[in-house]
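Letters A, B, C and D mark the chains in the order given here, with residues in each chain numbered from 1 onward.
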Amino acid sequence: MNKSRLEAFSDGLFAVVITIMVLELNAPFDVTITSLAPLIPVFLSYVLSFVYGAIFWINHHHLLAATRRVNSAVLWANLNFLFWLSLVPFFTSWVDENHWASMPVAAYGAALFMVVFSYRILELVLFRLHDADALIVRILRPGHREKISMVLFLLAIPIAFYQPFVSMLMYIFIAAIWFWPEPGLERALSRKDICKIK
Amino acid sequence: MNKSRLEAFSDGLFAVVITIMVLELNAPFDVTITSLAPLIPVFLSYVLSFVYGAIFWINHHHLLAATRRVNSAVLWANLNFLFWLSLVPFFTSWVDENHWASMPVAAYGAALFMVVFSYRILELVLFRLHDADALIVRILRPGHREKISMVLFLLAIPIAFYQPFVSMLMYIFIAAIWFWPEPGLERALSRKDICKIK
Amino acid sequence: MNKSRLEAFSDGLFAVVITIMVLELNAPFDVTITSLAPLIPVFLSYVLSFVYGAIFWINHHHLLAATRRVNSAVLWANLNFLFWLSLVPFFTSWVDENHWASMPVAAYGAALFMVVFSYRILELVLFRLHDADALIVRILRPGHREKISMVLFLLAIPIAFYQPFVSMLMYIFIAAIWFWPEPGLERALSRKDICKIK
Amino acid sequence: MNKSRLEAFSDGLFAVVITIMVLELNAPFDVTITSLAPLIPVFLSYVLSFVYGAIFWINHHHLLAATRRVNSAVLWANLNFLFWLSLVPFFTSWVDENHWASMPVAAYGAALFMVVFSYRILELVLFRLHDADALIVRILRPGHREKISMVLFLLAIPIAFYQPFVSMLMYIFIAAIWFWPEPGLERALSRKDICKIK
């Protein structure tokens, strides 16, 4: 089964999820630079959700670029991942509107945990469609980033009730882990492109 | 006529319809876990409309993957299907905001009936473009799921005025029927992929 | 230059424009069937803008299916067309919220005139890229539907100040003209598909 | 690595960003032509953001049409560009709602500067992937339009505090520079199309 519609539909959902937050940026009726101050939390939540959306779009892009086949299980695993991703803007804005209070920060960590967890499920479902020694399986099977992220999120959630600031730093650190796609994957994809001219 | 734009346009509409509900999830200004309670109906309606959108996206995906040709009649049948699908979020939220009252539950059933009915019309219009013994026609012609769903919806609508809870259970049961695409179709599509390298 | 991105971008814009109106359908807090009554004008304006969007999406689809090349002039003519199309939901809702008053009905006609006019410009810009005896040019050059529509819109605008109801009937009549794509084009596209397997 | 998803995702984001402003056009409840007057600033800001979105969509289209390969750095440079572009509607509406006051006009210039600056970064990242004598590099390396625009924006920002009207004229002038894509690029792309039938 062709993967092009899976990609097109995911791209549409990513585009809507990423830009949803910008709808909440309403121009102030004042003309001073300070009139933008109340918009800063909304703006920050927009930046954060944009960055998280961007990170997962890039990783999703690489994951599917290394994939040859999809089936119904992959379609559902992908929809599950997109569902959790679509909740990130909501939890980001809850955090920002309440100045990093404990409960929103913990809930935010739980939402991000589900994003990474559902992304790992998508990977595992994709592995089952490929040979055990296929390129994608050999590179992504260990899933070090996925496992480290999930452990850190599970630590950050209780920490939020004591030091929410520390939890937020942990979330930024985890984003940094994901910033660059799996390096082995990038190189492997490049190698193939040498002989394949699109 | 090429089917790629039909797919791309449908994917865009699916993506917008699926994520429309998330726009109504506004972060509360309180920081307790109980402050999320009033959002639960909105959240549930988001989950429900996401699941229904996902189910029909997957079935639509398989239906078109098995299709070779499209014409104007197919384009209109597809637009008719997308129109009814786009009304599902509205009726889902009417149900949830009124705690499963009879009239909204009945109206919800009527809307879902139209979604399945218009999907069946799309199938029938596609059949007319293919040979009577084409793969897609042989597998999808009987349409057992479509017919059972439509009968169940027609039963659930009057039941809603006596036991709306029973009608809701029927809707969830019908969703479960559609969860997995037509199994014969899945296998047939896989067979073809063996000899076709994308 | 490849036309695939022109199509993809247009499809995204069509999808957003078509579904914008559904955002204004908010579920009532009452559970009687009469509580839906105030939503009827919003619903009707959604149906109307969906139908107009659908009509022009199908015609746009056929027009580009018959096209081989695009250039910057085509991209701009297409953006101009999409701009006017994106204003249709606004004018439709102005008409419906004011029960078919003269001024909104006239303004609606002017907006639809601009949609057809900018669509004709897009056709003319496309013709200049093709041989005078190319398939697309021979079939679409006369533009009977475009010319009849534009004349009818120009008549309907002054009529709206005396009999807005008559103008609305004219708009529905014009939509009916466009419902089915240019029949010669449909057949010509089908012929080519016989020898081209996607 | 294939560039098709980069294009599809960008198209989705462009489509949403361009049409976001139309959501703020709410039909008035009055039926006189003067009742549209308060909507004029919103309408103008829609036109302006549509034109800026259109200009950068066309330039982005040509840039990627001349590109053969992409990598993670390109994906991030593209996301950075889309982020700044997505802020343009916000700043446009701040300008229009305050009748061209100094601070909003200056902020608008700063936002547009970032759009052009991030677009230039995207170009430079793409160059590094290609041979020094590749088509795209030879034509786009000088980047006269990018450099002139950035200098003009940096001049327009302080001018806004004395003569905001002059700054606005400068913004319109810069838009005009970008209206037509790099002419050498257009011709080069056309030449290749002669031997490549899509």
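Basically, a contact is a pair of C-beta atoms (placed from the backbone, for glycine too) under 8 Å apart; a residue touches a chain by one contact, two chains touch by 3 or more.
On a predicted model such as this, the values are computed, not experimentally measured, just so you know.
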Chain whose mean Cα position lies farthest from subunit D: B
Cα superposition of subunit B on its sequence copy subunit C - rotation in ° rounded to nearest 5: 90
Interface residue overlap between copies subunit A and subunit D, same or different (over half shared): different
For subunit A paired with subunit B, centre-to-centre distance based on mean C-alpha positions, whole Å: 26
Chain centre separation in whole Å, for subunit C relative to subunit A (CA means): 37
Residues of subunit C whose C-beta touches two or more other chains: 8, 12, 15-16, 23
Residues of subunit D touching subunit C in the complex: 7-8, 11-12, 14-16, 18-19, 22-23, 25-33, 36, 47, 50, 54, 57-58, 61-62, 64-65, 180-181, 186, 189-190, 193, 197-198
Subunit C-touching residues of subunit B, taken from the complex the two chains share: 1-6, 8-9, 12-13, 15-17, 20, 23, 68-69, 71-72, 75-76, 79, 83, 86-87, 89-91, 93-94, 97-98, 101-104, 107
